[in-house]
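Next come two complexes, and both contain subunit A; in the first it sits with subunit B, in the second with subunit C.
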Partner chain A sequence: MRYRRRGLDITSHTLLILCVIVFFLPVWMAIVAATHTQSSLYTGVAPFWFGSEGFGNFLAVLSDPVGRLGTDATRLLVNSTIMALGIAVGKITIAILAAYAIVFFRFPFRMLCFWAIFITLMLPVEVRIMPTYKVVAGLGMLNSYTGLILPLIASATATFLFRQFYLTVPPELLEAARVDGAGPWRFLRDILLPLSKTNIAALFVIMFLYGWNQYLWPLLITTESDYMTVVISLKRMLTSADNLVPWHTVTATALLAMLPPVIVIVLMQRYFVKGLVDTEK
Partner chain B sequence: MATLRLDGLKKTYPNGFVALHGLDLEIADGELLVVVGPSGCGKSTLLRMLAGLEDITAGDLYIGEARVNPLEPADRDIAMVFQNYALYPHMSVAGNMEYALKNRGVPKEARRRKVEETASLIGLQDLLDRRPRQLSGGQRQRVAMGRAIVREPQVFLFDEPLSNLDAKLRVQMRLEIRRLQKRLGVTSVYVTHDQVEAMTLADRLIVMNEGRIEQLGSPMTLYDQPASTFVAGFIGSPAMNFLSAEASGRTLSLPCGNQLHAPVDAHGHVTLGIRPEHLVPVEESDDALAVQVELVEPLGADTLAYVQLDGQAEPLVVRFDGARRLEEGDRLWLAPDLERLHLFDPEQGQRLTTTEAITTP
Partner chain C sequence: MATFQRHRLTPWILLAPQLAVIAVFFFWPAAQAIVQAFYIEDPFGLGHEFVWFENFARIFTSFEYLRALGVTALFSVSVAVGAMSLALLLAVQADRVIHGAHSYKTLLIWPYAVAPAVAGVLWMFMFDPNLGLLSAGLENLGIGWNHRVNGGQAMLLVILASIWKQMSYNFVFFLAGLQSIPKSLLEAAAIDGAGPWRRFWTVTFPLLSPTSFFLLVMNSVYVFFETFGTIDATTGGGPGGATRTLVYKVYEDGFEGYDLGSSAAQSVILLILVGLLTLLQFRYIERKVQY
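Our next item is the complex of A and B:
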């Protein structure tokens, strides 16, 4: 039941508007700061309105090496995108195949496999970071995209999500497909994948953000600036030991770093909500 | 088109449960065989074995001349209509229908022609672009049929295809299935638990019970000469009335004191079966069965009455003409149609025929 009362309407709207202001203020400050010169940011009062630079700072960080990082923001964004996409696509691919095997095939130790995958939920990168580093280093994958992506690619959460979805697919659908002459691959491609479209979209959003926000792992295995991700670069920029923090470039880079996740969410949000709420059946 | 031959077909599940106890059966080319039975009698297992969705534990299955035991469902040249239709939800009607052809590598143009041809045969031509979600139950059922027909299989398998439809649509689709099957002349096996569907559709009918064929024959044979109390109770609606009686030669003594002339020789305890439609109301007399009406169910054309007979725990069901007005508590006299009494062995349930005499004292 929904309440419709005037007082309640006004209160809730006021509350919502306040929350929006609270959440949006830092972003606004960043946008404003990114349009100022460094000197105008160090006048003592944080500015609340745009400065003289316009898009100049953005163009500068995209084309010229930022601070002492030795690389420009374009490179950083490309690196982050490759890692986030690699992780998202990889996780989804592996999870789909694993869940497919667990749900639709009868093989010995099927449940054992499922639980083995499931308990990896208790082993995120942070827990297994030393051995993982050793393995990746041993394989010579330090400072490479493979090294960035591969150790993060297995996902119990995604496997579990797909498993739960596959369990709701009526078994007759598989039987009908078998009678219609579809083998396992065809069934996966023609029936299951189109049906899990919304799930895939939802997972893609979550996993892209997960990949994009990775900090510890890239920090550990990338030493060359060619493989540095944008999230790490932000932290680096803030620790310029003796210099003033170049807030105008930091905010410009931070805003640029926010863009791809925002774009992904805006583009996929329709599917995202659908995927979490219901399935196309 | 093909015959279907089952040679000692047996199914044992890994947990040791025997679903089918070695079935021998031959289904003629173009015949529509209906398999009917209560749930858990093995009828669906049988159908799924024919389709290749369940492994065959023992015995051989032939479609035409070929032994198909090791073949995948797709290679058996069969088509199956599922109870819940199992349409692919993300494909259009046309997509659903052509999927099998696509997997066989039929070229696009030929596929389209075949789908359109089939669609017009079953009245789907205007719905080809719709998704299953946008269709009514009856239309989905049609699509499921179309998907089976479009492949021109050797054998149709129907797994309770009408049980998800409402009563009116069910009658309509029943007729349609019958007409299509006759027209296409495809050998068909039809599984149902609905005895009306079974009676109306079947060329021949199998009643199954606990993984065995209880009786095989034309619908009217099963109605007129049920081989056991199980078949007698299953075929015909409302079900046959069973009374216990004492037989001595051709004379049957009922617990209520009446005596009837038996159709066969028997001695000792017997089960007497009388169908509701074979109890006729008569004038009061000593020979007639005196009963009291307990409950009346007017159906329009007929009126069913549940009546109490002395010495009988369960009330008997009697079918009266719909014009007859009955009240609860009425006293009536009924005479059974002596030509159509059925006698069964009270323990095994088998039908007692003239040649057999019962030995129990």
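Our next item is the complex of A and C:
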């Protein structure tokens, strides 16, 4: 392309690299702070280079009860993992089934079901927290994994993505399957699911991040530290200190809290970008 | 569309889990929120009284609520403008350079995976009044920083943390939008003598307007709901309500103030706001289909 200019290319690269560095700076400061002791941190401005603790602070928060939380970060990470996986797998499973029914079957009240599911797109859990909390309390699900997971599965984003995708499946495939004597379950298992692999992967990334990063819901329904997630534990750590914030453990926990989702997004970037652009359109 | 016809029961078995979950955790609570909005309940649950629109009237005459509305509006606009302009600037650069566009995407996309609360904590460390890097820098410039007492600074802190996290989302969409613009259009403009600056404003930018509009809505939705974590972990709505958004107020009134009627009425108002935003977005989708 003859209208390209070399000088501009250099400006572009400089700008991009600069921003990459600026975006990484808070994380770098946190990594460095997590390798210091509290007393070496509080000698002045936060240091730029590693301290004497190495992985000591990480190991400490993973094995010993953190602050006044009464639980260690390993437990918190396990809880977050269960919640994120539960939401991702749960949403994808019920969405595949529901979208399959709506696209490939004709039955009374089909459109009513469709709209009932559709309308849930409009209401995130934050809007109906109080009554949802009461329902969950009434069912005895406070401080339980079911209570953490089920209410967050009640939205239709995944159902919609699968519906859109199923609509693009050529009708000949179904005809052929029927001619060969395949029933609906067989068609789902042997033809539709293998075709949906990319979509499942994309949704998995999005839902895993969504589940892992939840804040308000786990904050409400986990009063016992045994079910607390790592993301909501941070606030308690910040406020539980006497006067000085124990930044060396807070940063270590914050880094542990962001590591799994960041790994997922970097490894599955291709699916993630596709899923994001597809679901939102 | 070919369908399975002689199966009466199968679709209901398939739909059962989804319908059960949305009935119990969505429709039932949503209906209760609407009913509750018309009652005033005793904080100890001893009695309740049907009051028509009194809860709503109370909300709209309350200084605290109007303030929360203002905070939410300022927050939304700042995050949308900040995250979108930065994302557009970077996406244009990444789209220009032939080598490395993909690496830049990886290097810029990861903040999306960071929880809003964690983003808040990372930035709070940067601005810690005792040992924060940025607060120390500001100190050198003669600006005292303490977001625990200064409302404006607390607001700036949550805005920065939100822009930092939302930028990557906007970047992904802008880059996808830019890459779908036919290169021949830009080449034609170049042959006609338009420089890079002119090409951007007359060709690229208008073609990106549907993406921009969509992102505007998404950024507002983000600020409305997801920033709850950022706010709660860092400022707790304070100091003195300076960072109390609408959702944060629903939470405070319901779970700390036990004013259930008001909290429910606020939920209903939020519900209507989100409904309007969703409608706007559908208009956008419809417009796009017509292209």
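We take it that the second predicted complex is superposed on the first by the 260 of 281 C-alpha atoms of A that agree within 3 Å, B and C clash if a C-alpha of one lies under 4 Å from a C-alpha of the other, contacts with A are read in each partner's own complex, and residues count from 1 in each chain.
Just so it is clear, contacts are C-beta pairs under 8 Å (C-beta built on N, C-alpha and C of every residue); 3 or more make two chains touch, one makes a residue touch a chain.
Remember, predicted model here, so these are calculated numbers, not experimental data.
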Joint occupancy of subunit A by subunit B and subunit C, clash or fit: fit
Which of subunit B and subunit C A:194 touches, first, second, both or neither: first
Which of subunit B and subunit C A:129 touches, first, second, both or neither: second
Contacts of A:212 with subunit B and subunit C, given as first, second, both or neither: second
Partner chain in contact with A:186 - subunit B first, subunit C second, else both or neither: first
First (subunit B), second (subunit C), both or neither touched by A:175: both
Residue contacts on subunit A - larger count, subunit B or subunit C: C
Which superposed partner A:65 touches (first subunit B, second subunit C, both, neither): neither
Contacts of A:54 with subunit B and subunit C, given as first, second, both or neither: neither
Which of subunit B and subunit C A:140 touches, first, second, both or neither: neither
Closest approach of subunit C to subunit B (Cα atoms, Å): 8
Subunit B/subunit C common contact set on subunit A: 172, 175, 178, 280-281
Footprint of subunit C on subunit A - complex, ascending: 1-3, 5, 8-9, 12-13, 15-16, 19-20, 23, 25-27, 29-30, 33, 41-42, 44-46, 93-95, 97-98, 100-107, 110, 113, 116-117, 120-124, 126-132, 134-136, 139, 150-151, 153-156, 159, 167, 171-172, 174-175, 178, 183-185, 187, 209, 212-213, 215-216, 219-220, 231-232, 234-235, 238, 244-245, 247, 250-251, 254, 257-258, 261-262, 264-266, 269, 272-273, 276-277, 280-281
Partner subunit A, residues of subunit B touching it in the complex: 48, 51-53, 72-74, 78-80, 82-84, 86-90, 99-100, 103-104, 147
In the complex with subunit A, residue positions of subunit C that touch it: 1-5, 7-8, 10-12, 14-15, 17-19, 21-22, 24-30, 32-33, 36, 86, 89-90, 93-94, 96-97, 100, 104-118, 121-126, 128, 130-133, 136, 164, 167, 169, 172-173, 176, 183, 186-187, 190-191, 196, 214, 218, 224-225, 228-229, 232-233, 247, 250-251, 254-255, 260, 263-264, 267, 270-271, 274-275, 278, 285, 288
Subunit A to subunit B touching residues, read off their complex: 170, 172-173, 175-182, 186, 190-191, 194-195, 197, 280-281
